[in-house]
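Chain naming follows the written order as A, B and C, and within any one chain the residues start at number 1.
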Amino acid sequence: MPEKTSPEASRSTVAVAAGGAAELTEATVKKADQNKPRSLGQDAWRELRRSPLFWISSVLLLLFIVMAIAPGVFTDADPRQADLRGHYLSPPNWSHLFQADWFGYNQQGQSVYARTVHGARASIIVGICVTVAVTVFGGLVGMLAGYFGGWLDTLLSRITDIFFGIPLLLGGLVTLQAFTHRTVWTVVLGLTLFGWMQIARVMRGAVITQKEADFVTAARALGAGTGRILFRHILPNALGPVIVVATIALGGYISTEATLSYLGIGLQDPVISWGVDISDAQKNLRDAPHTLLVPATFLSLTVLAFILLGDAVRDALDPKLR
Amino acid sequence: MGRFVARRLLQMIPVFIGTTLLIFLMVYSLPGDPIKALFGSKAADPATVERLRHEYGLDKPLLQQYWNYLTGLLQGDFGKSFTGRPVADLMKDAFPVTIRLALLAFGIEVVVGVALGLLTGLKRGKLIDQIVLILTLIVVSIPVFVIGFLTQFTLGMKWKMITPTVQDSMDIGQLAVPATVLAALSLAYVTRLTRTTIGENLRADYMRTAIAKGLPKRRVVGVHLLRNSLIPVVTFLGTDLGVLMGGAIVTEGIFNVQGVGNTLFRAIQTSEGPTVVGIVSVLVIVYLVSSLVVDLLYAVLDPRIRYA
Amino acid sequence: MTTTTEKTGRVPEPRAGDASGTPLLEVRDLHVEFHTRDGVAKAVNGVNYSVNAGETLAVLGESGSGKSVTAQAIMGILDMPPGKIPQGEILFKGQDMLKMSAEERRKIRGSKIAMIFQDALSSLNPVLSVGYQLGEMFRVHQGLSKKDAKAKAVELMDRVRIPAAKQRVGDYPHQFSGGMRQRIMIAMALALEPDLIIADEPTTALDVTVQAQVMDLLAELQREFNMGLILITHDLGVVADVADKIAVMYAGRIVETAPVKELYARPAHPYTRGLLDSIPRLDQKGQELYAIKGLPPNLLRIPAGCAFNPRCPRAEDLCRTESPALHAVTERDGTALPGRGSACHFWKETIHG
């Protein structure tokens, strides 16, 4: 690769301009400001802004989050109101945008559109809550193991290994089977219990790398305490890979929740869940494919949006791949 | 090398005990009474319940139950399911099916995944790269059960190319479609991972050297690029075989394949403790062995890694 | 940027290559640019130089001066895209390599023109044994069997004086010391006894003591095989003993060429003078060390006129508007100085003033 296109090259010219700033007119100072050396965060943001995937995923996510918080914005139809006689498996009316019959009716005569809009809440809550819980818990485990090392690392790493032996879906199934009454929070618990290990490993690796970095040695030499080193110096630098993994995993949690609900061991009535609706719709797949395809599309788009976001953030944070 | 393997095997023991204990505790200590469940909605005769509890050792303290289970396991005894059938028997029927399914899926994943990854890695930014990349994203985003339905619906019901469900679970031909569905997610990951490592290694200095040596493109890519790029892919693939076996619950359910996933799911639904613990124990062993194999492979493929 | 016509394009050669008078390698008016998102980076802007058999040309310059890019263009290992060669010729034994097919060029690479890279650790494939990587040259270019290729590899390792070559032929690059690794790189370049070797900062990554050994080895082998050598470096110290002539590059152009001794004695370009003045010398102990002020130009925005003008102590208005051609340098009385050229409007003042 050519040496000259490296960021150093462009930075150095700017440094020259900044060096003689005293003599420069205000106009030139402003000009120099525009391309002064960028921090990693600014660089990542610059990179993100250019990425069409980032914008697509952001718009999608915004849409789904609004749907989760205020479904009324999208529909006033009642997702639970069933009219078997009038609407049993009625086909969609594609021209009736945002109306109750836009996507037709399901086997109970309920509006597919209304149910799908209201189903966003459970998926989004499960996804976000599991991710937060997993990041906090897994992050803590990984940080302790990575920073302190020794027997604590051995112990925590073995425990991580033990939980890794049980796949997320299997662990979720066994945990949730024990509850006869399951809510969103039961599902969050089940997924968190078997979902934290990946974050712990990523965090441990990142902390070990950062621990040996020169700036940490320098901070220690300057007399910074453990807490300060850990939270001010190591954590901010180790957070990048964790955020990326967590964002991508979020989509996975939503997908797993839907799978559990589909298997009948996840969310239950009265919670409206895409997974349950898809499961109910499979019997009518031949006559009324819309009852399955609509919630499946919404589910997939939500998962996709989070994966895209994670991808975009990773690409922005990783200058190597540019 | 020998010492490394021995140490790793020793390290596996606590993990194995830990994982089986974890699943054991979860199955037996969580609320719900499996013996009562046996009777369904009928009122159970308390004396019979007590007798059955004693027979299955459920009246003993949990840790002692686990100890009994573990000692039995070491002698190859997986215990008896609540229906009276030995768990080992159940597994003898189920595992050959799932191993076939998983191996088939694994083959598809390796061949198609690496080929697509190589193609996209070399044509980075071109149209074909973008198309494959979008396809992998779609596959990753659609949950397996939806992919399963759609495949079953289109191929099985609409176009009648396959029977919607598998009739003979040992027939490779019939397993091909379920195996593809099972492989889909990992296939997408392998493609993306290969693409990334190819892209990274393409920029490596030694690639420049290989070209400067006047090697033909075939050799530059086939020997120098691929050899380095596949190291992380192989490690992913190694652990994935176990994941495929354990992850077949959904796929086997949709296509009615009589394998481990189906057996396990039914056992979970009916709180069949001994069967759940038995199958999970075997899956854990598969997982542990495959991660050991990955470590060894890693050291074989990358001479910079030394057995420590 | 102002456009200029370089009337005095090439500088007469000090000695002819072979009977026909064609130099081994001749670069004519080579331009290389990189199309990046921030714009077009003009890495090489009309470079001319030539090398004869048995001759050593040192190409000197800071990083970003285009010296490595020129070498990569000669080898045909530029990343294209983003790289592009909009104009120029690279004549190898009189034939323009830029017009050759990819296959023809591949056959020249490694067997006729070979390259030694700066960082041997990253330039050698980490997962293949050095024996395999050396033997590959013979297997690919000469069709040798695996076994014969390995024997040749041992021979090569002996030749570059790697101890216990026979035992170490199966070792991997990371198992060798830095100096030994660079010897392996040299062995690889020498394998097929090429006509020309391009060494891109071959000793920069090494310890000072090892640097000398490696340079001596390279010079010795060059004499033995009567090869042409292009030595790319930013280190004036390395050049003095080995090179026959020097081309100094700045911002993708050659700013001065001269036989090595003359350049040290009487630089004809302010940039060269600055480089020489910034070498620490024992007899100036206690004085402040000279440094060229400022930094190399951004190749996306090369200054108008002479690219060196913002840093040049001698710069005048002319320098800011008109790009100087490579003038033939003469004695004060007009006597030609063969092989000398300077791209400075004020070369007379610089060399004689």
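Couple of notes before you dig in:
What we mean here is this: a contact is a pair of C-beta atoms (placed from the backbone, for glycine too) under 8 Å apart; a residue touches a chain by one contact, two chains touch by 3 or more.
None of the values given here were measured: they were computed from a predicted structure.
With centres taken as mean C-alpha coordinates, the chain found closest to the middle of all protein C-alpha atoms is A. When you average the Cα atoms of each chain and compare centres, the chain farthest from subunit B turns out to be C. Subunit A and subunit B have Cα centroids lying 24 Å from one another.
Between subunit A and subunit C, the centres computed from C-alpha atoms are 50 Å apart. Once the centre of each chain is set as its mean CA position, subunit B and subunit C turn out to be 55 Å apart.
Shown for subunit A are the residues that touch two or more other chains, namely 1.
Considering their complex, residues 75-77, 106-111, 114-115, 117, 119, 122-129, 136-137, 140-141, 172, 174, 188 of subunit C touch subunit B. Residues 14-16, 18-19, 22-23, 26-27, 30-32, 137-138, 140-146, 149, 153, 157, 196, 199-200, 203, 243, 246-247, 249-250, 253, 264-265, 268-269, 271, 276, 280, 283-284, 287-288 of subunit B are the ones touching subunit A in the complex. Those residues of subunit B that touch subunit C in the shared complex are 204-206, 208-216, 219, 223-224, 227-228, 231, 301-304.
Residues of subunit A touching subunit B in their complex: 1, 158-159, 161-167, 169-171, 173-175, 177-180, 251, 255, 258-259, 262-265, 278, 282, 285-286, 289, 292, 296, 299-301, 303-304, 307-308, 320-321.
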